[in-house]
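You will see two complexes here that share subunit A, one where it goes with subunit B and one where it goes with subunit C.
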Partner chain A sequence: MPKILEVKNLRITFPVNGGRFAPAVDGINFHLNQGKVLGIVGESGCGKTVTALSLLRLIEEPGRIEEGQALYYGTVEGVSPPPRRPGPQRPEPPEGYEGPEATPVDHLMIEDLRREPTAEINSEKAPDGGIDLFKLSDEQMRHVRGNNIAMIFQEPMTSLNPVFTIGDQISEAVRLHQKVGKKEAEEISIEMLRKVRIPDPQKRIHDYPHQLSGGMRQRVMIAMALSCKPDILIADEPTTALDVTIQAQILELIQELIDDMHMSVILITHDLGVVAQVCDDVLVMYSGMIVERAPAKRIFSKPKHPYTIGLLDSIPPLFQDAGELLHTIKGTVPDLSRLPAGCRFAARCPRMVDACKARVPPYKYVGEGQEVRCLNY
Partner chain B sequence: MSAYLLKRLLTMIPTLFGIMLITFLIVRLAPGNPVSLKIQAAQGLKSTALSQEVTDQMLKLYGLKVDLPAGYENFIKDKPAPVRKALEWLGQNTIQFKIWLVNVCQLNFGMSFKDHRPVLEKIREALPITLTLNLLEFLIAYLISIPLGVYSALGRESAVDKGVMVLLFILYSLPTFWVAYLLLMYFASGDHLNWFPLGGLHSEGYETYPFLMKIGNLMWHLVLPVITMVYGSFAFITRFSRSTMLEVVKQDYVRTAWAKGLPRRQVIWKHAFRNSLIPQITLLGTLLPALLGGSVIIEQIFSIPGMGKLAFEAISSRDYPTIMAITTISAFLTLISLLLSDIAYAFADPRISFEEKQQA
Partner chain C sequence: MTLEIAQPNLPKAPEPETGSPRYWGLVWKQFKKRKLNMIGLWVILILVAIAILAPLLANSEPVYVKYQDKVYLPILQKLWPISKLNLYPELTGVDLKDWKAKGAEFRYTPVPYSPDDYNLEEILEPPSIYHWLGTDQQGRDVLSRLIHGSRISLSVGLIAVGIYTLIGIFLGALAGYFGGRWDMLLSRLIEIMICFPTFFLILALVAVLGQDLFYIMLVIGLTGWTGIARLTRGEFLKLRNQDFVTACLSQGMPTRRILFRHLLPNAMAPVMVSATFGIASAILIESSLSFLGFGVRPPTPSWGELLSQAKSVIDVAWWLTTFPGMAIFLTITAFNLVGEGLRDAVDPKLKS
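Here is the complex of A and B:
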């Protein structure tokens, strides 16, 4: 299973009062496999969205990418791919092998590198000839956006420009990246709208966003994102702002289009139901760190990290006696400007041991492609 | 659209009526009247010993005293003095207001008390002058301020942004009359530079100039007044343009535009700028009436015979017909310009529609 994107030791900080910096994302490592859907779950403020935005280098000032690499294994217009590093290549996993984390090599890749980064990770050269998105020029990055990596945002109501027709907004990206004429771009736009099942696309392209419902607008956003056939689609809570029946339709649509267009997807959500429905692999983030990663099925059948377990227990059961309280995780998320030295979940953790407060637990491989940052394993 | 326009035009009638009534009352309630001013001017300030008869005659001549209907006269005759006075005032002004209203509806604004010329003619002379001056000011102020505001917003908190803001604040704080006199002193008097004329609109022999030279001569006269008018608007419009732009670049759709990979120029000047113009139209709607009003101070200092000067002179000589005509015409044009800015909204923002549109 070839990788399409690999993020190494990504650290993103925001300045807080007194000239200090709060790490919104604190040294995370993950990769996205070709044609797979990677889910990133976690509560608000855990760094999911910032991570996604950083891949397009769209983090708003004053936040910045402090260190790390985002290696993209594809071709970017105007960038010659760096030569492959001489030496032994990473062996391709055998056919039919599920879950790249299962190989010990992969496991080593995601060791906790935050405290003591190794020379290899910090070196300028990408090991497998990937293009480091963080090192591209602004102009090169422009070609990546929309063309190689596209993004769908959470709020379909505000993510479309109110003063231009949806046809304008879709064909704008098409004309930019595919170098086609106005007429052709319009045809592609109509085709895309048909693909996301908007009825009467010839007429709809002349509509303004306010003339469409929330679900329709999200379909337009998807059409816009997919119009240039990107390798990677980042969907940041694409269904959160929609009502439940529309959510299901949109998810189904995304799923179908992914299969159809052979895209790789990073799906950010706080809805575990969404994860169960579409994701292949899952990262669980807490307070800027990845605390657990596993194939989606494992997360539900054998969650390991107390936080993941807490999240799953917090899903309201279908049958519950009236008056019985919903399960919650006690306590609050730590303040990013005053992070504890040890495990960030320690203060809320029911299985906390003294050692948890001493240092951030390293990743522990627990089999079946599952890794967890917890001293209990 | 046409149904909307008709509705708007019809609602203008009561508004205009209200404005006319209030104008009439304010003018009539103001102390002093044109007759006593005229008598004072004719006889020197000290003498007020003119018989009531002469005064009454003059009042009647100017239409400031009319014969009350006989029935009404009888009705108020035997009331106690203060009540009778009040009722007489009420009767007089009701009848005079009615006469004035009927005349205005026939576009007859009467004669000026001051020089006995038709008021409309005086306004027709003054209005184009003020309009030219203000349009120039608007154009220059907007052409400079909007880009300045946008660039200031994009480089927010940078040294340039802070510098521009401080400079504009200083300009905004300088009183107009002071700047006007400084400009006159340094650029129009013999003592320093003698680049521009002291006042007025034309040089002598203007009528004989060819067309282009006429324009040039007019512009030459307008340089100092326009500078005086424009520098204060910079701060206002630039700040407004900056803050709307700052608001807009934070919007989700601007992030979408970046995420599409659009070049910076397109993100800013297409996606963000177009949206930042919508609040500007509101501002324009409130500024349009000022186009017609004219600035009393500037027109006075630079001796420009515009609306401001006309209004100022009319007020100081209690020239009732002129005051009321200027107010009524300005009110009417203000209502029209507000309507225009509402229509401009619909063009700038597709979400605003005047028609009952069928929802898709």
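Here is the complex of A and C:
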């Protein structure tokens, strides 16, 4: 499975009172496979959005990307990628060999087995040749934005400029990166609106954002983001502000467009239902760190980290007696400027041991592409 | 993976409305509701029409001459750029008065006097059928001078405000959007500018630069931008955190495009209001300058200059002060009415 994006040791800090720096994102590693959907889950303030914005280098002052790499395995206009280091040669398979023998398990299992174990990603064996987004010039970065990596946002109500028609706005996005005329850009806009299933696109392009409902606006945002056919789509809580039926429609739309346009997606959410519906892999973030990563199915079937388990338990059951309290994770998120030395979840963890307070637990590979940062395993 | 995609049950499109009600459409609707706003607007429109058509309204040159079955329009020869064409070569060197004696047919403009035509036989005539608003000490027609003076007054108002609106928007936008050091610098500069008594600053600058219409516009423009800059700064400060700015950035849009194409239209409403009031005060400043003798050089007619000329004979010729004064009053009031109406119309709190 080729990678399209790989983030190595990303660390983002914000200054806090007294000249100290709070690490909003503290040394995270992950990668995004081509054509897959990577979910990033976590509560507010855990660093999900900051991570996403950093990939486009849109962290606002005084926030800073302290260290790390974001390697993009694609072509950026005006950037020649560093040469690939020749990796270790794989021995040629013998004549007549037709791959490993298929085991008679259902295809879903095979999917899981074929997934490369994530532990390998952290090793230094990852292929060279990616373009480090953090090292590009501002001008080069402008080409990346929208063209290679596009983003959609949480609030469709305010993400469109109220003074221009949606047709103008999509055409503008098209013309920023493609050398096309006004007329052609408008045709592309209509085509994109049709793709996101807005009825009557020829008429709708003359509408102003206030004439559209929230769901329609999110469709317009998606159309705009996809108008330049980016490799990667970052969706920052794309359904949070929408009501449930529209949520489902938007998720289906995203899913379909991914399959259609061979895009890779980073989906940021705090809604585990969304993860279950569209994600292939999941990162669970807590207080600026990744505490667990796994294929989406494993997160639901075999959650390991106490935080993940707590999150899953907090989903209100469909049938619950009135008066019965909802499950919560006790305690609060640690203050980013006063982080504990050990596991950041320790203070709230029901399974804490003394060693948890001493140091941040390392990643532990627990099989089937699942890794967890917890001393209990 | 194939998902069954249900055809979304989308809301019905709004009623077949060609061309959506733009924001300014809504403002216009709100603006129209008050009668005074419309009166103000009409006064301004009429004034602008008068200023543009001034040479066709008040001119000593005949509009139409019929002599020996041939029709001439001599006034065209006085109008730039038609004057360059030399339409009637046969008229050069001809005294039209001779033709009149020979029985040619003449038609004149409604006010058949040019602003600089002096007639020492008709000094300080009170308003009459011949001179509707009377004449001044040199026998010049007051109405003609007022009509031509409106060109000076209005163009000073519009151009000076145009200059300072551009400066104000540019500086305010930079300060508001980038914040930090830029904002610091601009805010302090504005505070310093506000501390100056602007009128005396203008007086001093005009005295140094010279009494040229262009300099007067420029000086008013260079000293008046603080209000607009402050407003724009505030609006941009508010707008830069809007989600659509991040969305624009995430599409790789250049900053200048975000600033002036996407943010500026959103910030325009209060700027327009302020600019409308600004026109009124610029006209007043020009009149004051001319009144004090620092404005346009006589005999160029400007309303302030008319008043200035009139002050020595104020006790014998009331018409010399009354009519220019009324013209200034009417114009300022009209602009203020429109400004006020606009302010109320763009105020979202008043929309119900």
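Here are some notes:
Just so it is clear, the second predicted complex is superposed on the first by the 336 of 377 C-alpha atoms of A that agree within 3 Å, B and C clash if a C-alpha of one lies under 4 Å from a C-alpha of the other, contacts with A are read in each partner's own complex, and residues count from 1 in each chain.
In this section, contacts are C-beta pairs under 8 Å (C-beta built on N, C-alpha and C of every residue); 3 or more make two chains touch, one makes a residue touch a chain.
Keep in mind that what you see is a predicted model, and the values were worked out from it rather than measured.
Annotation: superposed three-chain arrangement on subunit A; subunit B versus subunit C shows a clash. When the two complexes are overlaid on their common chain A, residue A:I254 makes contact with neither subunit B nor subunit C. Between subunit B and subunit C, the partner in contact with more residues of subunit A is C.
Touch criterion met: A:S159 reaches subunit B and subunit C at once.
After overlaying the two complexes on the shared chain, residue contacts for A:N147 are found with subunit B and with subunit C alike. In the superposition on chain A, contact is made by A:R197 with subunit C only, not with subunit B.
In the superposed model, A:H206 lies in contact with subunit C only, and not with subunit B. With the shared chain A as the reference for superposition, subunit B clashes with subunit C in the stretch 220-228, and the other listed options (4-12, 76-84 or 220-228) are free of clashes.
Shared contact residues of subunit A with subunit B and subunit C: 56, 58, 142-147, 150-151, 153, 155, 158-164, 172-173, 176-177, 204, 207-208, 211, 221, 224.
Every residue of subunit A that touches subunit B in the complex is listed here, in rising order: 56, 58, 142-147, 150-151, 153, 155, 158-164, 172-173, 176-177, 204, 207-208, 210-212, 221, 224. Across the interface of their complex, subunit C is touched by residues 56, 58, 61, 141-147, 150-151, 153-155, 158-165, 172-173, 176-177, 197-200, 203-204, 206-208, 211, 213, 215-216, 221, 224-225, 249, 252-253, 255-256, 259 of subunit A.
Considering their complex, residues 251-263, 266, 271, 274-275, 278, 348-351, 359-360 of subunit B touch subunit A.
Considering their complex, residues 1, 3, 5-8, 10-11, 13-14, 19-20, 22-23, 180, 242-244, 246-254, 262, 265-266 of subunit C touch subunit A.
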